Amino acid sequence: MSTEYAVSWSPDQPIIDIRGLHKSFGNFEVLKGIDLSVHQGEVICIIGPSGSGKSTLIRTINGLTPINKGEIFVEGQLITGPKVDKLALRRKVGMVFQQYNLFPHRTVLDNVMMAPRLVLKEPKAEVRERARALLAKVRLAEKEDHFPGELSGGQQQRVAIARSLCMRPDMMLFDEVTAALDPETVKEVLNTIKEVATEGMTCVLVTHEMGFAREIADRVIFTDGGRIVEMGPPAQIFSDPQDTRTKEFLSQVL
Amino acid sequence: MFEFIAPLFLALQKATGLNFSPFYNEYDFSRLMTGVQTSLLLIVCVLIVSLIVGLLGAAAQRSQFRVLRFLVAAYIAMFRNTPPVVQLLFFYFGLGALTPQVDMGGWYEPMISSFGWAVIALGIFGGSYNVEIFRAGIEAVPETTLEASEALAFSPVQTFIHVTMPLALRFSLPALASNLISLAKTTSIAYVIAVPEMTYALSGVWNDSLNVGEMMTLLFIYYISVVAVIGAIMGRLEKRLAVPGLGK
Amino acid sequence: MTKVSTVPRPNSLVSILAGAALLLAALAVGVITVSQVAQGPADSSLNVLRRWSPFILQGFMLNILMSVIAMILATISGVVLGFMQISHLAIVRQPARFVTHVFRNSPWLVILFAIMLMVPFEITLPYFGLVMIPGWVKATIGFTLPVMANLAEILRGAVASIPTGQWESAESLAFSRMQTMRHVILPQCVRRMLPSWMNWFALLTLMTPIAAILGVNEALGNTQAAMEAAGSSPDLLIPFYLFLMCIFFIFIYPVSVWTKRLERRFSTT
Amino acid sequence: QDNSAETLTSVMERGVLRVGVLGAFKPWSFRSEDGSLQGIEVDLAKRVAESLGVEAELVEITSANRIQFLEQKRIDLIIGGMYDTASRREAVGIIEPGYWASGPSLMARDGAIASWEDVAGKPICAKQGVIYNQLIETDFGARLMAFGGNTEGKEALRSGKCVAWFYDDSSIAADLATGEWEGFEMPVDALFVNPWAAAVPLAEKDGAFGKILSGLIYGWHEDGSLIALQKEYDLQPTAWLADMHESLEYDRSYLDE
Amino acid sequence: MSTEYAVSWSPDQPIIDIRGLHKSFGNFEVLKGIDLSVHQGEVICIIGPSGSGKSTLIRTINGLTPINKGEIFVEGQLITGPKVDKLALRRKVGMVFQQYNLFPHRTVLDNVMMAPRLVLKEPKAEVRERARALLAKVRLAEKEDHFPGELSGGQQQRVAIARSLCMRPDMMLFDEVTAALDPETVKEVLNTIKEVATEGMTCVLVTHEMGFAREIADRVIFTDGGRIVEMGPPAQIFSDPQDTRTKEFLSQVL
């Protein structure tokens, strides 16, 4: 894995460290001071009502959304300063979106292979082998020559996960990856993520699937109005929420 | 106005050689004025005719009569696939020869002037694009919305008047705006049948005064302003009809 | 069911048939006009047309040549101008926007006049010395400019229409801006732009006869010269102009049908 | 800077003389069915080239662009039905003497027009770029409709879009002579008679090229070849050509003795 | 309520009676023989995998989709014959779609008022009063002058329900009305439907919300492959499904 610029960082320190993070769109303050540390191998699920800033929060971690105040460290490196190597950061942090965003003009295999080939300049044969292994893992080996438009939503989402994994990131961010899927196919995608998580990958997920969060998360974070309202192991959050907003939210969605 | 600017432009010509003769030569000024008036009138008439033709065509395309739909398709195929200049010449010289003459008291003039033929030919030409634009607008109305009105027991006519048309109009506006603008520019080819619009007027001036560069500049400014005005009008209409959350 | 949407739409077959029928009708009208107004059986208008048609077709070759060359030039320069328009540098972007604006909003005829009358007919090139620019070449340049500006605008629109998700996911995969453009955005734009591109080719070809106004001997110019030389009798007008419309139609109509088909295919996927 | 020999030099180097002619201007220049140009002016152009020992290349011009063509060196010489006027003398090198002459007149349906005053308020067809177009509007109050070419202008008259065709008397006479204009007449005399001049770039007027042309045209008058061309192309004899021939004829009677 | 053409029908007979219904799209048979009777005041929930023909089934009931074979009676009237008064049928059967399908160019109040005004030609004042009452009922009274585009999905869906109710239909059809909504707003809409159902309206619902179906339905129908596979009270279907396909489906979505 990429270690070239992890200067003073050792795996027992937080792999993601967010301190006093503020973010506004225009006059509207979306994140009002977030503090969060994630350790290597941890699986974090973020839950919370719509508009509470979940997506914004995880998009700041790989630098897609610039922030207004605060600091974010990834593997000990400050990534919110003025002269940050965004490309290096993104090689370490994989991200999967709600809308899959596969490249519609490339086959499934090409989608998975493109980034390692173009960005990491790895040899073709090697990348292909790895890509095929990943497609097999997400049970789509036989679809490698199809175009994204020929796949179902769930299949596309699994390709998107394989595509991110093929860059061999140190951690993965998932933003409501099952929200656009129909209830049945949700299961397939969640199973894939479960596998990734149990293999030791650091994962931060935004999800509405409470059952899944309960099963997979090491820690659950509940956000509301741009703040972390409550945080803890899933057993505690789901069975015995402390905050009234958490209680109210959980009573609605469970 | 003319008296006021004439000395200025005469001085300009003396000093720099820039010859804006329509602003100091009375005859050229009258040519320019005729040009502006004719051109603006031509644009307005052509746009109106093209809109009427477009609406009628789009309606005919939805008719139950195959023959009518076929004729509209043929009309569109014909006018969108032949050069507009040739269409204009064909109308003016070809069909113009078959139209009756009117007695002007001692001499005869054609019932339809060159201006009239320009309006007809360009209106029909532009209309062939408008038909397709209106049709696309109608097709852009989501089928589900029509289903909803069906489920509410609207009759087909009620659905068309209260749901399809208002929505189709809004969907058509951007494409319509750009077609009307391009049609307005195309009116300059009425030059070939001696309609005294801007291009004709100013080319007359530069033929006599050999001030091509200056007149060309005037032409560019004129057409870009006309386009801007049409764009602004259409933009305003779009804003007037805009509905929150519809479109973008 | 009386569903509004079940009213048949003119599909491509109908319009192909309409096109073919139109052609036959045009020819029929031509023949009828000719046989009705022909004065002397010795030299009917149809005969005159037949004798002059090689001369007109020869002119038409020049229309095609001008439109093909102009299209190639416009595509190259349009892509460059389009990219300049979306540049992050204002100094590149602003002039590109201005040029696009002027050439998109001026009539073709005016642009053509400007090029024909204001560009010299002879230029001195290094190594070549004095090179003459024939009128049709200048006209070709005149036709290139508006098409260039419109293609630039189409490119800009196509790039803007690619969902932001595509940019973001490429960004998240550590693609550089250039890589994203080259491997993700542009390939998707080409597909989207193809129908408009062909549409502009058709429009361009249909505008080439205005070069006749400036003395280029293309199809329209030759048609008028032929009528004058053949004694400018009024019976010639309808058959000659109809013949001219038919040749353009035969060339352009397949292009339009194909464009429509592509449009439909792309809009459904 | 004296560049008065420039055109002649480049013509000789090139081996080609580029002459601007109108093209749709029967019988001075017009197309034959194979697309080539022919006519009186075409013949004259070929004679010039022949006497320079070069090939003639004919370039079609319009009245609207011929001066620019000459200024931009697209052509070396205009022989294209161009009037000799004061303002043109400022822009191009007018060659003296003129090789033809004519004046503005009208062609109209028999009986439609009796005098110049009759055109007031009526639509009159004309051709764009003709120098005297302005006259009929300003002096006689006609409504001018100027077309790009003779073909369209005359066609407009024929189909009744205007009451008369306002153009050169010599051209109108030529048209009437073809027999294709039955029922039409030239009801009025030319407003004036103006010579047609060949033209070269202004700087060349008094240079070698201009002088050569001047001499050639003088010769055509003198030896009667212009009158011969007039006959060859079935044109009505004009007084102006006859006068020129007479006044320029070199008196060779002394040789007879 | 409209009774003008209910000739020989009395409220103790089925209000909807479907017999041997077949429907194909081209060569593809979507409904392969459906028999179903619904009584007045009943609330029926249809569940089943995607593509099993649920939408098609309920669309046949108000004549939106023509059928190939079989008969459908609504209030004792055959509605699948050749000369059926579709408009009269649709006055009796209200329908709400997944995509809301409000008229985007009309305000909320106009949307609700349009049909009674245009179709029933009722006086304006009366319709307005009723429309306002219905908007109040779906808790959107203060939005009456907004355009649909300005409302959230849940709000739009509630307007759509009010719009249908304003025609005072005898029964209502709901096709996955919460599928396009985010988990929280689902609740609002379901509450509105619950109110409608408990007021005695005959309701046929297609839904993926099993919890809701369990709570509200008098009868649950499970469809698969164009057939009704199982049918019964929710307690039985959810706790003790008989058919293997029902079992499998429920194990996936619960």
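Remarks
All chains are identified by letter, namely A, B, C, D and E, in their written order; residue positions are counted from 1 within each chain.
Following the convention adopted for this analysis, contacts are C-beta pairs under 8 Å (C-beta built on N, C-alpha and C of every residue); 3 or more make two chains touch, one makes a residue touch a chain.
In UniProt terms, the chains line up like this: A, E = Glutamine transport ATP-binding protein GlnQ; B = Glutamine ABC transporter permease protein GlnM; C = L-cystine transport system permease protein YecS.
All values reported here derive from a predicted model rather than from experimental measurement.
Under the contact definition, subunit A and subunit D share the contacting chains C.
When chain centres are set by their Cα atoms, the one at the greatest distance from subunit B is A. Counted by C-beta pairs in contact, the busier of B-D and C-D is C-D. With respect to subunit D, maximal separation of chain centres occurs for E (centres as means of Cα atoms). Separating the centre of subunit B from that of subunit C, both taken as means of CA atoms, is a distance of 19 Å.
If you average the CA atoms of subunit B and of subunit E, the two centres end up 50 Å from each other.
Rounded to whole angstrom units, the spacing between the C-alpha centres of subunit C and subunit E is 53. Counting only residues that touch two or more partner chains, subunit D has 68, 148, 152, 155, 159.
Counting partner chains per residue, subunit C has residues 2, 117, 213, 234, 237 touching two or more of them. Within subunit B, the positions touching two or more other chains are listed as 89, 93, 97, 147, 150, 191-192, 203, 212. Interface residues of subunit B, counted against subunit E in their complex, comprise 142, 144-145, 147-155, 158, 162-163, 166-167, 170, 243-246. Interface residues of subunit B facing subunit C in the complex, by the touch rule stated above, are 61-62, 64, 69-70, 72-74, 76-78, 80-87, 89-90, 93-94, 97, 135, 139, 143, 146-147, 150, 156, 159-160, 164, 181, 185-189, 191-192, 199, 203, 206, 212-213, 216, 219-220, 223-224, 227-228. By the touch criterion given at the top, residues 63-64, 67-68, 91, 112, 122-123, 125, 128-129, 131, 133-134, 137-138, 145-148, 152, 155-156, 159-161, 163 of subunit D touch subunit B in their complex.
Touching subunit A in their complex are the following residues of subunit C: 163, 165-166, 168-176, 179, 183-184, 187-188, 191, 269. Put simply, subunit C touches subunit D in their complex at residues 51-52, 55, 58, 116-117, 120-122, 130, 132, 213-215, 217, 222, 224-229, 231-234, 237.
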